[in-house]
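One chain, subunit A, links the two complexes that follow: it is found with subunit B in the first and with subunit C in the second.
Moving on, here comes the complex of A and B:
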């Protein structure tokens, strides 16, 4: 028994080692470094307690970045989740081989690199030559300078991100739909339940675990948005598309302000863990799990 | 009457799906189309969807402008390197969590779960400092290291291992096939669908990695496709759309081809990814 216990630990060792060095130590390291002034004007780290945090909260740009990121999250998450659920229900209907065509065309954006997708949309949003303005013109929308206009740049990024991400959520919902036993619907039909009632009292509750999963994934990914901002706008114009991770990147790897970068990183981790905890606290307990 | 209603319902269904599919597919067709045009063909007042005459010169020219073949090789090395180590770490850990009892098991499992929740982007700054200390910046191994352990993969595989009946292990032990041999000969073959699903997800997500390789690389010799594309864009600064779209199409091509060929496996894998979560 004792040797078995030792081998158990040894099997875990490799995974724990990499996890420790590249995930857990970094979390504590950035929390520690956040207490130091460490930038170009102060090349040797100098302990300054919480002054970095004060500086972060005092910077108006930080609040703008936070606002941008929340706008991004509060638009992309509900829109892509509703779209995903709606399309999952449609694709789940009985139909012939055309089903795989639909699945491929709705899901393929997930497969391509975000950088390539961003490039593609830069071309589509091109004010003069882009097809987006051209086809919007048919609807009577005047020419918009999408990525160069402070009012529209974030909207453009939101549109492309929804296009890129909803397909994955759709597949998760589809998996959830397929796990609902058919006899639930049959029983409901015998009881005389109509389409809406079936959806409301069978489909929705049975999809709760899938919905929770998608929701958590969507929260995590919407606060990690970076690639498309980097390629499409570099945070501009006028920082209207500057988001949390891009802001961290700027501080750490453009201005080489490692103390500030660590402070922002720490706030980022705390905020996100708190959000996930809240989701599980509020919604998680209502979800029925089959483990 | 019934037929009529059914027919209308069906038409509505297909109309809706067709419309959305068209909107999602159009952007990709549009880059393919642009990448096959002559430079002057881009400047048309109405979008020209079918490129004619076809020009494949862009795809040859992009290789002269930047070492995309090198980027491709680097990407393959990094992606397979990450996956190979991940498979070892997650299989061993998942086995232990699914089958063994030892002191601290819950705690360690909790650590693996927490890793899923910690945003990977939040570890990049300290990881950059660590790699700098070990003089590993600007290497291919640097691009792989932070991803070697996967709490997510461990969790997924543990669920698969747990569904395999215990009696099988008892029988195997009696036959002298315990421990690692049991893992190798019984558990792994039985958990193959999960292993394939995890592999596909890992390949796709690391093929698409951007921020981390951007931070740790600064010469073309080690850069991956995504970084190469980003650099190419800056180098060309949006002047030549046909060339840029050729490069974009080239970067997406490997995953797209894989996806179209193994469509069913890909879809199944991504569906499985959320089931057990």
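Moving on, here comes the complex of A and C:
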């Protein structure tokens, strides 16, 4: 028994080593550094207690960034999850060989790198030459400046991100759907349940673990959004697409304000941990796992 | 148990490998002196300029074979280059030679990371240093000491599409010369869809992305400046600056003859695609436009208010302070070579950047180049009216603050006087 435990720990050791070097140490180090003033004006770190935190909350830009990120999260998460579920159910139907074609084409955006996709969408959103306005034109929508208009830039990023992310969620839903035993549906059919009732009382509850997983992943990824902002707008125009990670990046690597960057990082990690704890507390208990 | 032994062996094997590579590195040091220098450089405009730098450096390395080898490292746009240089400096392993955007000098000095080149420059005498165009020299000097050698340098200019001038009934050979003419022309050149009112062709595009740099040009044209030459006093809410911003708001918001926002990379294709009749952009895109535009276009000075005016831009060659003396000497040899008359001429002809030395324009390569393409001389001639670019500590923050106010003003969210008052307060706080 003892040796068995020892062996399993020794297996974990390597993983723990890399986690430690690349995750835990940096996390605690940045929490520690967040108590220092360390930037271009003060090249030697100076201990200043929590003054960085006060400065963060005092900056109006921080609240705008937070607002942008919450708008992004509250739109991308429900829309991409509903879309993913809907399409997963659709491609799970019996429809012969064409099915795999559909699955691949729906999953395709997830497979291309985010940076490449972002470059592509810069052109799709181009007001004069892009196809997005071209097609909207058929619907009678007047020309929109998308990435160059303060009112629409964030919406453009949201549209692009939903397109990019829903395929991954769809795949998880699809796996969940396929693990639901067919006899539940057969039993329900014998009892005379219709399509909606089957969905409501079998599919949805059985998908709960997959849904919880997708939800947590979606929350994390919606607060980690960075690549598309970096490529498409650089946070502009007028900071209307500036989001948390980009804001951290600006402080740490553009302004070279390491104290401030560490402070924002620490707040970011705490916020995200809290959000996920909340999700597991509120929803996690209701999820039923079939053993 | 065997597994533990196995893991332990792997561990020692890896650490063993690491220490042998250490020994290898030391052996390398013991060899007869070949100094291998790293050179970080950006390419701020479109084009195969990385190849040109590579070819020039190869030539230098051949001439110094066995003694010096410069390894050029393309480090992206201006911002990523500055980040990489800063990161390397913080990590105590700076590139020996680097080229960063000119306004970053005070930040680098605050980090005590740039070598003063005074002694080297003095040794070459007056005819070396005084040969650089005066406005280019300004951003290389702080407190009377030289820290950089001008190399990849530009100014913004105005491009105009001659064909759409004709279509609008304007003389295609007469670009706007004053702000008032600019407003007038831009209004005439804006084409809207008769039914929906959508703009099909903008009159004038003042590019975003580096709009802080273009704004400085407008302030110069109105006879004022944004940050004092010593980099310590902000002057963003002067009457002249407010007037300049109000002129932008008039074009972009009230008359709607120019897009309120855009990016630095998107506007040259817009011009090529006929989406805008007039374009404010760097002279560095001239080669790209010449290759891509299917119509006749012209290059001219940016229109004047009280005077013609511009802030110079680009990057200077610099040497890291915290490297051994012999490496500094070798780095200087490279910079001296790169900045000789022949090479500055060659670089200018290949890139479209302004040749930094006045005598480069007497070089036969350059003479032939500009006799075929006289439009390359516009930026040089505009230098008579150009000034050093504003520079200060924390310049990246300065840019972000200013750009935010410029963007908000252009969208009509805030009036210019108020926007610049905020900019003044915030910027003064970060540069002092």
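Here is the rule we go by: the second predicted complex is superposed on the first by the 279 of 291 C-alpha atoms of A that agree within 3 Å, B and C clash if a C-alpha of one lies under 4 Å from a C-alpha of the other, contacts with A are read in each partner's own complex, and residues count from 1 in each chain.
Rule of thumb we're sticking to: a contact is a pair of C-beta atoms (placed from the backbone, for glycine too) under 8 Å apart; a residue touches a chain by one contact, two chains touch by 3 or more.
Because the structure is predicted, anything quoted here is derived from the model rather than measured.
A.B. asks: Would you sort A:12 into first (subunit B), second (subunit C), both or neither based on which partner it touches?
C.D. replies: A:12 sits against subunit B, while subunit C stays out of touch.
A.B. asks: Answer with first, second, both or neither: which of subunit B and subunit C does A:27 touch in the superposed model?
C.D. replies: first
A.B. asks: Considering only touches as defined above, state whether A:122 meets subunit B (first), subunit C (second), both or neither.
C.D. replies: Both partners, subunit B and subunit C.
A.B. asks: Quick check on the superposed pair: does A:149 touch subunit B, subunit C, both, or neither? Answer first, second, both or neither.
C.D. replies: The second partner, subunit C, only.
A.B. asks: Of the two partner chains, subunit B (first) and subunit C (second), which one does A:220 touch, if any: first, second, both, or neither?
C.D. replies: first
A.B. asks: Give the label of whichever partner, subunit B or subunit C, reaches more residues of subunit A.
C.D. replies: Of subunit B and subunit C, the partner in contact with more residues of subunit A is B.
A.B. asks: Quick one: is A:253 in contact with subunit B, with subunit C, with both, or with neither? Answer first, second, both or neither.
C.D. replies: It touches subunit B and subunit C both.
A.B. asks: Considering only the touch criterion stated at the top, classify A:82 as touching first (subunit B), second (subunit C), both, or neither.
C.D. replies: Neither partner.
A.B. asks: Contacts for A:238 in the overlay, against subunit B (first) and subunit C (second): which applies, first, second, both or neither?
C.D. replies: Touch status of A:238: second partner only.
A.B. asks: Going by the contact definition given at the top, which residues of subunit A touch subunit B in one complex and subunit C in the other?
C.D. replies: In subunit A, residues 7, 11, 14, 122, 126, 129, 253 are touched by subunit B and also by subunit C.
A.B. asks: For the complex, which residues does subunit A have touching subunit C?
C.D. replies: Answer in residue numbers: 3, 6-7, 10-11, 13-14, 39-41, 43, 61, 122, 126, 128-129, 142-143, 145, 147-150, 233-234, 236-239, 250, 253-256.
A.B. asks: Name, in rising order, each residue of subunit B that touches subunit A in their complex.
C.D. replies: Touching subunit A from subunit B are residues 13-14, 16-17, 20-22, 24-28, 30-31, 34, 42-43, 46-47, 85, 88-90, 92-93, 95-96, 100, 102-103, 108, 111-112, 115, 117-123, 125-130, 145-146, 148-149, 151, 154, 159, 179, 204, 207-208, 210-211, 214-215, 225-226, 229-230, 233, 238, 241, 244-245, 247-248, 251-252, 255-256, 259-260, 263-264, 266-267, 270-275, 277.
A.B. asks: Touching subunit B in the complex: which residues of subunit A?
C.D. replies: Counting only subunit A, the residues touching subunit B are 4-5, 7-9, 11-12, 14-19, 21-27, 29-30, 33, 87, 90-91, 93, 95, 98, 100-116, 119-124, 126, 129, 131, 134, 163, 167-168, 171-172, 174-176, 178-179, 210, 213-214, 216-217, 220, 223-224, 226-227, 230-231, 245, 248-249, 252-253, 258, 261-262, 265, 268-269, 272-273, 276, 291.
A.B. asks: Would you pull the subunit C residues touching subunit A in the complex into a rising list?
C.D. replies: Touching subunit A: residues 1, 3-4, 7, 79, 83, 86-87, 90, 107, 110-112, 196-199, 208-209, 259-263, 266, 269-270, 273, 275, 393-394, 396-397, 400, 403-404, 407-408, 411, 413, 430 of subunit C.
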